[in-house]
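Chain lettering (A, B and C) follows the sequence in which the chains are written, and residue indices restart at 1 in each chain.
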């Protein structure tokens, strides 16, 4: 149920300090850290001697020392020391995984190690580019990652789930504006929607600095299996489109287990870059918005577990993009099941810059 | 394990206001409400689109609106609105169940809908009759409903479980007074017991207004599958039986799941009708009594789950009424399994009024 | 997975007063008490009538009265009273188990009752001998008892798990001192280690009364299936071995369930017998030490459940004693499976007194 030959976000770069991180990814408990010479490390969180998680021990220099009997493991997963003896049993090692930093995130590859080409890391350069400013955070979601993909590809839910933040209660619901859905390269889905002359929901009133009527557009972009980007543009109706406030919202999902997901997010903007109050305001508003999604998604996950997916679900027009994404995921899962060395190169999420999308439509 | 073609209590009438109730009945999660024109509604608590419980959304007028994508469902379970499109998929509906108010309770029928004849609702008119006064409440019990039936049909447990309320510790235990058990119409069990000249347990001292010796009698009445009535009569030994304080205690059980039960109860009395302090005193004392049963029953349920019912149980004389009731239940379960349209008309719980029983014995 | 024909500790003698104890042993819930004439009782904690645990009722004299319907059971497990009837059904009895007090502990035999010879109780007389002084306690450990055996037979973990109490962080780790392992009578394992001229860890500085360099030795002694004794000796390097402070640390393990263990422990010393402050100091330090083990063991148990024991574990030299003990346990389990009347007589844990071991080495 997980694509293995792909790069997932293991954490933010800034999380990696002198200690280590214990995190489960694709249902495998891992220890993650950065060595003193800047190399990233991901290893199984399990001592091969008595199975104690290495995260219950401590980091000693650039090695992990088990907290029970003191066996030590290097950044390569090799055992370097067994108390009470000088020879090291050949089986005394832990598995490691390719891992590296890019764009302010640390990426991990859980599939065949020799296929881990860093050129395959999705381009999300806005996150740490000097021309953009990022407000970021993390949510732990007790739901399968595909439910988050569904959520992010059909933004009509904003009217109902986010009426206090990025949606609103007025008669023009987001669903009333048809989305145009396109599929590219068998692994990317875009759903674009224009919403001219609507009342600014609370979040956008914050961004603009006052309540007003706005022209708004949004592109939900999905790269199989779990990279999502929402491009949002707004400007007051009396201003020019060329002066729009553009946000690139990254939703980088990493399956923790079949029923839970690490949700690394960043709202990256191209305006008022030095306004730290706005950076913090966007962070808080985004966190509040994703809290609302978390409630819905965790409730949906419990319901699906209870019903054991036996209940047929009714499809509606709004499901077009989510259904296309699910089909691409199923295709890719089948490819990888048939060929464990199957790899796909990710196309750019945004062709040139985000305006390109706007002109197309 | 549940009889379906029968009326269960879904709630007290007074619970139904402008909002809605989310309640699981016979292991099915339901949304319950009363429309603005007084019609009662019970529907599956599950949106057919993405399976989110409708109770996570909101009531809009007399419809339920899903909290995820805004689909709306009428009191008939029909979808009335799908955001983003005008046609309604034919599969977009939720199941509804016959439901109606009677005697201050709201009753639901989970079996074949066309068999739901309101004449089959058990007569518990005392609950909202002007000649009686009710003190009522609700307990959530983490035990199968048949364990509650057992409990209510053998009142000898009062000596041990309720020594602080309706039992007492004196040498004459309730078990010392033999109960006479009768079965009627293949669906009703009565167990009657007379206890002349005993010390009034705390609850009855409250009812009479002082400690004293009393004549006491009790009839445990059970209607398959889960309607129970305890008729209790007491008077000081120096007074006449005709002036006895009579209580009709309703124990209306609705299975929530195989391991839990909704327990709607009401202590209804024929004396001091305007004494509000007594009404509240009886409510508190009854709640405390049922708290004691809850502890025992939940402990017994855990034990039975642990032992997986493999341990043979020893039967004693006191089990006569509970065993007869269990046999009637098994019979009726078999009938309904063979014929899903099997229905039984409930006989009156009390032939004329509660004194009739007393004369008989 | 449990040896049945052996004596396990059911509790400390001092726990047995006028009430009763509810405790699960070898996955069986039991009621334990001492009658007014000093006889010990162990019976199933389950009324045969409605299966309610007898521990939810009360002790009446030397009998247990069920808290639901008042049935009473004598110290022999026979039903003595059924409310509402005079004859006692022959099936109305609960199982009892051989149980008796020795050395300040109360011992129970869960196997074939006629084999329960009190001569088979392990000799741990130091616990209540006038020549020794005991500091004792109890830990509930959510781990299988064999993980505790492993822990107690390889004391090298002190360096890593107990660096704040009986281990220390200095370069000489305990593992650096080789242990000599011997097996006796197919049921006893000893692992002895001498550690001359080391810095006293905090616990031993407390015992000696000051920081200093010490000669230290330790014998880990294990009697299948779950009796453990650690003999620890220390003296300042400038003093004589004959004047050493000797501690006999009893670790008497009783399986509660496959995943949890009752851990009755006592640190018994041969010095400063009247120093009550030291007795309490040792009790606190021991409890803190076993708290550290508890954390590791419970973490290991969860990991093993998660991995379902499918992961091969790497063996190292330090595992010699634990592996020998596990083999003896497997042998004995096989013997008992083939012959349910198989019994083994326990040899003395310490040949004469603890110095004997020291001379040998």
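The rule is simple: a contact is a pair of C-beta atoms (placed from the backbone, for glycine too) under 8 Å apart; a residue touches a chain by one contact, two chains touch by 3 or more.
Here the structure is a predicted model, which means the values were calculated and not measured.
*Asks:* Expressed in ° and rounded to a multiple of 5, what is the rotation angle of the C-alpha superposition of chain A on chain B?
*Replies:* 120
*Asks:* Chain C and chain B are one sequence twice: same or different residues at the contact, by the over-half rule?
*Replies:* different
*Asks:* Give, as an integer number of Å, the spacing between the C-alpha centres of chain C and chain B.
*Replies:* Each chain's C-alpha centroid was found; their separation is 50 Å.
*Asks:* I need the residues of chain A touching at least two other chains; which ones are they?
*Replies:* None at all.
*Asks:* Could you pull out which chain B residues touch chain A in their complex?
*Replies:* For chain B paired with chain A, touching residues are 46, 48-53, 56-57, 65-71, 82-85, 89, 91-92.
*Asks:* In the complex of these two chains, what residues of chain C are touching chain A?
*Replies:* 150, 154, 156-157, 159-161, 173, 175-176, 178, 295-296, 299-300, 303-304, 307, 311-318
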